[in-house]
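Each structure below is given as structure tokens.
Each of the next two complexes has chain A plus one more chain, namely chain B in the first and chain C in the second.
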Partner chain A sequence: METMFGKSIKRREDPRLVTGKGNFVDDLKIPFTTHAAFVRSPHAHAKIGKIDTAAARKVPGVLAIYTGKDLVAGGVKPIPVGWLLPNIKVPAHYPLAVDKARHMGEPVAVVVAETPYAARDAAELVEVDYDVLPAVPDGADALKRGAPPVHDDAPGNVSFKWSIGDAKATDAAFAKADKVVKQSFRNHRLIPNAIEPRACLASAQPGTGDITLWVTSQNPHVHRLIMAAFVLGIPEHKMRVISPDVGGGFGSKIFIYPEECAAVWASRQLSRPVKWTADRREAFLADAHGRDHHTEAEMALAADGKILGLRVKTVANLGAYLSLFAPAVPTYLYGTLLAGAYTTPAIHCEVTGVFTHTTPVDAYRGAGRPEATYLLERLMDLSAKELGMDPVDIRRKNFIPPDKFPYQTPVALLYDSGNYAGALDKALQIFDYKAFRREQEQARKQGRYLGVGFSTYLEACGLAPSQVAGALGAQAGLYESANVRVHPTGKVSVFTGSHSHGQGHETTFAQVVADELQVPIDDVDIIHGDTGQVPFGMGSYGSRSGPVGAAAIYMSTQKIKEKAKKIAAHLLEANEKDVTHEGGKFFVKGSPDRSKSFFDVSLMAYLAHNLPKGLEPGLEALSFFDPGNFVFPFGTHICVVEVERDTGYVHLRRYVAVDDLGRVINPMIVDGMVHGGIAQGVSQALWEHAEYDENGQLITGSMMNYALPKADELIPIELARTETPTPVNPLGVKGAGETGTIASTAAVANAVMDALSPFGIKHIDMPLTPGRIWEALKGKGA
Partner chain B sequence: MNITVQVNGVSETRSVEPRVLLVHFLRENLGLTGTHVGCDTSQCGACTVLLDGAAVKSCSLFAVQADGRKVTTIEGLSTDGKLHAMQQAFWDQHGLQCGFCTPGMIVSACHLLERNPNPSEAEIREGLEGNLCRCTGYANIVKAVQQAARAG
Partner chain C sequence: MYAAPFEYHLPTTVAEALGLLEKFGDEAKLLSGSQSLVPLMKLRLATPGHVVDLRKVPGLSGVTESGGTVVIGAMTTHYEVGSSPLVRTKLPMMAEAAGQIGDTQVRNLGTIGGSLAHADPSADWPAVLAALDASVRIASSRGERNVKVEELIVGPLTTVLAPGEILLQVRVPLPAGRYGGAYEKLPHPASRFAIVGAAAEVFLDPGGKVSNSRIALTGIASKVTRAGYVEQALLGKAPDPAAIKSAAARAAQGIEVRADLTGSAEYKANLAAVYTERAVKRAVSRALER
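Our next item is the complex of A and B:
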């Protein structure tokens, strides 16, 4: 039977998606559905006075209007935080604001009506008495004395102070440095913008008390657990959460949001289904944002370019409330990554998590790791410049050598496997560096400014060993479950706790199962995103579906094979040890003509009248895979840009990416994820920027002024891979979903700075828009 | 008011409020949920359909504006259970990930080839500038359009 692992099988989910037969939340229709619309604060900070709903209630079709106070009176509890740090301040976050609105777009009331149009009309007529208060949208400003307080119970607007690494050793490293390279970095705020807006449909059954919630979720079991146990007090077994086709997430659909809590609550009040679909404006205001750091970083180096130490101080803007994983993102997913691919012996990183009057910030594709990679890879280039070294040479000088794995960094992580120079070499085979430097020289003479940027990144994904996560503050372990059920006819249903919202699990997971059970891939169905079918699941984020989710499936297939072999041996009247499983058949080694098919064995497992003594009927296995470590993909990205001197416009000229993702189940799908990831990272470097004015008004609140990348702004990407399998999971796979985003931002920024180096420009904060570059050039008299 | 629209070859008469958008008419009144809504500012193109053969953003038209006209949605592209060459090409070239932008993208791409059967890569990228995809980085979408162009 043909091996599926490693093949670019065409996606099995596509026929429905290319014909418009997808099943997204907003596509669902159930009878008697009502529609919710939210009244949102137009102010960043305001006391909520009287809420007058009289006019709104007169709109035909309006069924109910609920405010924050109604929900609290109805027993609704604040939305909890899933990752805690020592001494962290966790102010209450109610689904609807109760006394104060703390960011523009915070929901204040919800209207439920017979039609979406009526709900929206009425929402506009709800009159809220706001007493507008001063706001602080910027993280650094929020720490200043006299800054407007976001929460009474978080003095100085500080949620937490966190640090990692050895401060003393780092001081010592700096004391003996030949060179110290210092730079402040702004890693600006982004808005995820999955093209499918968030949506939910809650349907309470008054007779049984059962409730079903369809929601755009990357982790439906977590949604159920948190909503049932913590927010709404619904018995968990009475609640079913279904996350059908989901149109992209990038992190933004991990979290438990106010809107779905309010919808479930309203559905129970009204005994009618309640549906809500965000419009794009709401997505901008109410989906968790990403990034938003102010950082001071310095690197201590020896004269030969060897890094001696790294010191990082970051202020992370968390927004107005702590979103579900917010505390983990600028800490354990950031500070721990600061060694990168390098042997830096001493690192110290301090992070202050700050409340501001802005939309909450949480994990967005890469989550902490792009921020770490950006500053580290920028510092490598700045250091090379200072020391008069080539950016490639300084990286080589500091790479962890391939024979040093497992490698313990000074910031907690133990790297599994890697060959960083190998990926760099491969990238340089594709990209003729010497030829480029000659071309660059020539071009400069003609007044054309080309630049090249490298990013020899490393990331940690496959979240995560439960013990480790728990010790670091996670309120839950991060294993994954898989139930593989072989039916009497040998067809297979796989119930996975991972969730696919574009990653193609229905294809890749089936490839693993088809290989292991030696059945045609068409006989394998992958079922995900339904708490009513899947035993449990932690969901998909942190590039964990392959290294954790698929690994759990693999474990279940091994259990099934073992039992199937027992049954086959019994049917063949042979010793189990002599039976092999090849070409989809079980037979005694050496006599393949007397065989039992997978069908025969599966059928007998259920007919059960001729099973080995003591063997239970059935052929099904449940596994929970809890990895022993993270996995650590790495690689080299090279970007070439040309900067127009007169306009500051950056043209992408070439992009080469060599990634090492361990073993790859489906190269086509992995390539696709890398493409998309790179587009998002490039876009942060050059275009995207969530900007607030000083009053906390989001001024890039629509697709008209928030620059999402378009087809004509991006270029083809040259991809290649090296393959260093990981010992952390039985499949040898590392994660693939985030590497592109983690690596690319730094590569692009480095390329732009290289292009601008003739003007003496060393650093410009992102996004590197024509305006910013033009200003910098003007500043240099160019 | 009553409108009659020929949708995917079937004449549909419905009574609609004048303010109902064409996309909502298709999704809510006719149950054709393949056409998606991704924005409220006519930027994303997820709602693209063909109106009398030309690609339009159905979120920026009222249903009444389609009265007496022909609309083709993603559901109307395949014939006799066979995928349209563009649908096939998106599948073959892995031109989609989450699939949410895909119906609009495919419809736009069809119209692009209608106007220019042999587009260069730059022309494809420019032609799809009104359709946003957050997943693919467009690389494989471009390849898909090239395949469909070759298929003729």
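Our next item is the complex of A and C:
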């Protein structure tokens, strides 16, 4: 039988998805469905006075209008936070604003009507008496004395102060440094913009008290748990959450949002299904945003380029409320990454999480790790420049050598494996560095400004050990579940706690199962996204589906194989130890002629007419895989740009990415993930920018002015891989979903700064738009 | 996104459409390719009581030549304009501009007349058509009139079109002599409207000197604007790179340049000069090929 692992088979889900036969939440039609529309605050900060719904109620088809007060009176509790830090302030976040609106777009009331048009018409007629208050949209401004307070119970707008590393050791490192390189960085805010907007359909069954919620969720069990146990008080076993086909998430569909809580509550009030689908405007205003840091960073170096210490102080803008995993992102997913691929012996990082009058910020593709990688890789280039070193040499000088693993960093992580120089070498084989520097020199003489940027990144993903996460404040475990069920005919249903919203699990997971059980891949179905079918699982984010989800499936297949072998041995009247499982058949070693097929064994498992003594019938196995560590993908990205002197326009000229993702199940799918990630990372460097004006109005709140990456702006990406399998999971796989985003932003920014180096420009904050570059170039000759 | 309630009309003649406009006055909006009005309606930024859809009115689309003028029906899509053999051979600047509007969907649905009537200050057609000295033909119940494109647009999203009028045609006089045109644009990374767009039509005399030019800019001011100082500076000059550069440096002179999220007024004035230089250079090389 052909091995499927490592094979670029086409995505089995694509024929369905690309021919319009997918089944997304908004496609669902159930009788008597009503439609919700939200009244949203146009102001960033306002006291809510009287809400007059008289005119709205007169719109034909309107069934109900609920305000924040109605929900509170009806027993709705605030949406909780899933990751707590010491002394963190967690102000109440109700699904509908009660006393104050704290960001533009915050829902204030919900209209439920017979049609979406009637709901929207009525929402326009709800009159809210707003007493507009001063707003503070910027994280650094929010800390200033006299800044408008976001919450009364978070003095100074501080949610938490967190630190990691050894401050004293870091001070000592700086004291003995030959060179200190200092830079402030702005890692600006982004808006995820999954292709499918968020949607939900809540259907309460008054007869049984059961409720089904279809929702665009990356983790349906987490949705159910939080709604049931915290927000709505529904017995968990009476609620079923189904997340069917979902069009992307990038993290934004991890979280529990106000709209689905309100829809579930309204459905129970009305005993009718309630549906809501966000429009793109709502996606901009109400999906959790990403990034938004102000950082002061400094690196202490010896004269030979060896890093002695790193000191980082970051203000993380959390938005108006703490979104579900917001506290983890700028702390444990950020500060712990500051060692990167380097031997930096002393690191200290302080993070202040602040409230502002903006949309809440949470995990967005990469989540903390792009922010860490950006500042670290920028500092590597700035330091090289200061010391007169080549950016490649300074990296080599500081790489953790391959014989030092496992490697304990000064910021908590224990790296399991790695060969950072190996990836760099491979990238340099593809990219002729010397030839480029010659070309750059020639071009400069003609007034053309080429630049190269390196990003020798490392990331931690495959989130991961439940015990560690719990000790750090996670209010959840981070294992994954799998139930593999072999049917009597030998066909296989796999129930996974992972969730696919573009990742291709129906293909890659089936590849693993087909190999292990030696069955045709067409005999394997992957079922996910339904709490009614799938064992309790944690879902997909943090590049965990492969290293945690697929590993759980692998564990179940081993249990199945073990039992199947017992049955086969019994049928062959042989000793189990002598039976082998090859080419889809069980036989006694050396006598393949006398064999039992997987079908024979499966059938007997369920007929149970002739099983080994004491063996239970059936062929099904449940596993929960809780890995002992994160996995640590790494690699080298090289970007070449040309900057137009007279306009500041950045042309991408070349992009080489060498990633080490461990063993790769489906190279084509992984290539696609890396491509997409690079596009998003490049886009942060050059185009995307969520901007608020001083009143907290989102001024880039549509596709007309928020620039997502476009195919014609990008260039072919040259991909290659090294393969250092991780010992953390039985498949040796690492996460592949976020590396592109984590690595590429710094590579592009470094390339632009290299291009601008003849002008003495060291740093420009992103996005590196033509306008910003031109302003920096103004009056500078070359 | 759900638009506010409106009444939809589908007339089948110009006269019928004019009758509807007469009847509903300010309440009525004409619908052409649906690329500007419909997004505004979905956002409820536009809430017309009556939408008069022109798609079933015959004779409003297509590209023809008549007596030295290229006549383009108002309902002709950007794609149709850009792929018309007549336009491609005789007015290449229009073809290259058409290919840079929005994205494929916008080009396949959006129309030249709709774009002009919408009058976005960063749209491509106004600059190109001003450089080509084009006019529009406008019908109302009182008869028809011609207006130069430059005079049609008076400000952001504002034209001289009265509520009872329909833009029927775009009329581009075919240039004579030794001429060349080019359009150069820096597209906004999100919308693909022009951060700056420079359209240049340059005429050369038998001695190779500039006998006339029309240069129009979009994206930098509240409406399409002629770069008069550049035209003046080029007049009578041999259009060598140095002369073009020094003339183009005056592109934004006399224009009230708007700053926006893409950059300062100073930056946009600089872009106007750079893109004018690029457009004039290519226009001249096209003229020299004739």
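The rule is simple: the second predicted complex is superposed on the first by the 778 of 782 C-alpha atoms of A that agree within 3 Å, B and C clash if a C-alpha of one lies under 4 Å from a C-alpha of the other, contacts with A are read in each partner's own complex, and residues count from 1 in each chain.
Quick note on the criterion: a contact is a pair of C-beta atoms (placed from the backbone, for glycine too) under 8 Å apart; a residue touches a chain by one contact, two chains touch by 3 or more.
Fair warning: this is a prediction, and the values are worked out from it, not measured in the lab.
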item	value
More chain A residues in contact - chain B or chain C	B
First, second, both or neither for A:Ile527, with chain B first and chain C second	neither
Partner chain(s) touched by A:Arg281 [first = chain B, second = chain C, both, neither]	both
Which of chain B and chain C A:Glu124 touches, first, second, both or neither	second
Which of chain B and chain C A:Leu17 touches, first, second, both or neither	first
First, second, both or neither for A:Ala421, with chain B first and chain C second	neither
First (chain B), second (chain C), both or neither touched by A:Lys29	first
Partner chain in contact with A:Met703 - chain B first, chain C second, else both or neither	both
Contacts of A:His675 with chain B and chain C, given as first, second, both or neither	first
Which superposed partner A:Val180 touches (first chain B, second chain C, both, neither)	neither
Shared chain A surface residues [contacts with chain B and with chain C]	117, 279-281, 703-704, 708, 710
Parts of chain A lying in touch with chain B, wherever the complex brings them together	10-11, 13-15, 17-22, 24, 26-27, 29, 117, 193-197, 245-248, 250, 277, 279-281, 501-504, 668-669, 671-673, 675-680, 702-704, 708-712, 714, 716-717, 740
Footprint of chain C on chain A - complex, ascending	37, 116-117, 120-121, 124, 279-281, 646-649, 686-687, 691, 699-700, 703-708, 710, 713, 769-772, 774-775
Footprint of chain A on chain C - complex, ascending	1-2, 4-5, 42-44, 186, 188-191, 195, 261-264, 267, 270-271, 274
Sites on chain B touched by chain A in the complex	17, 19-20, 27, 31-41, 43-44, 46, 73-75, 77-78, 83, 87, 90-92, 94, 96-103, 106, 121-122, 124-126, 128-129, 131-142
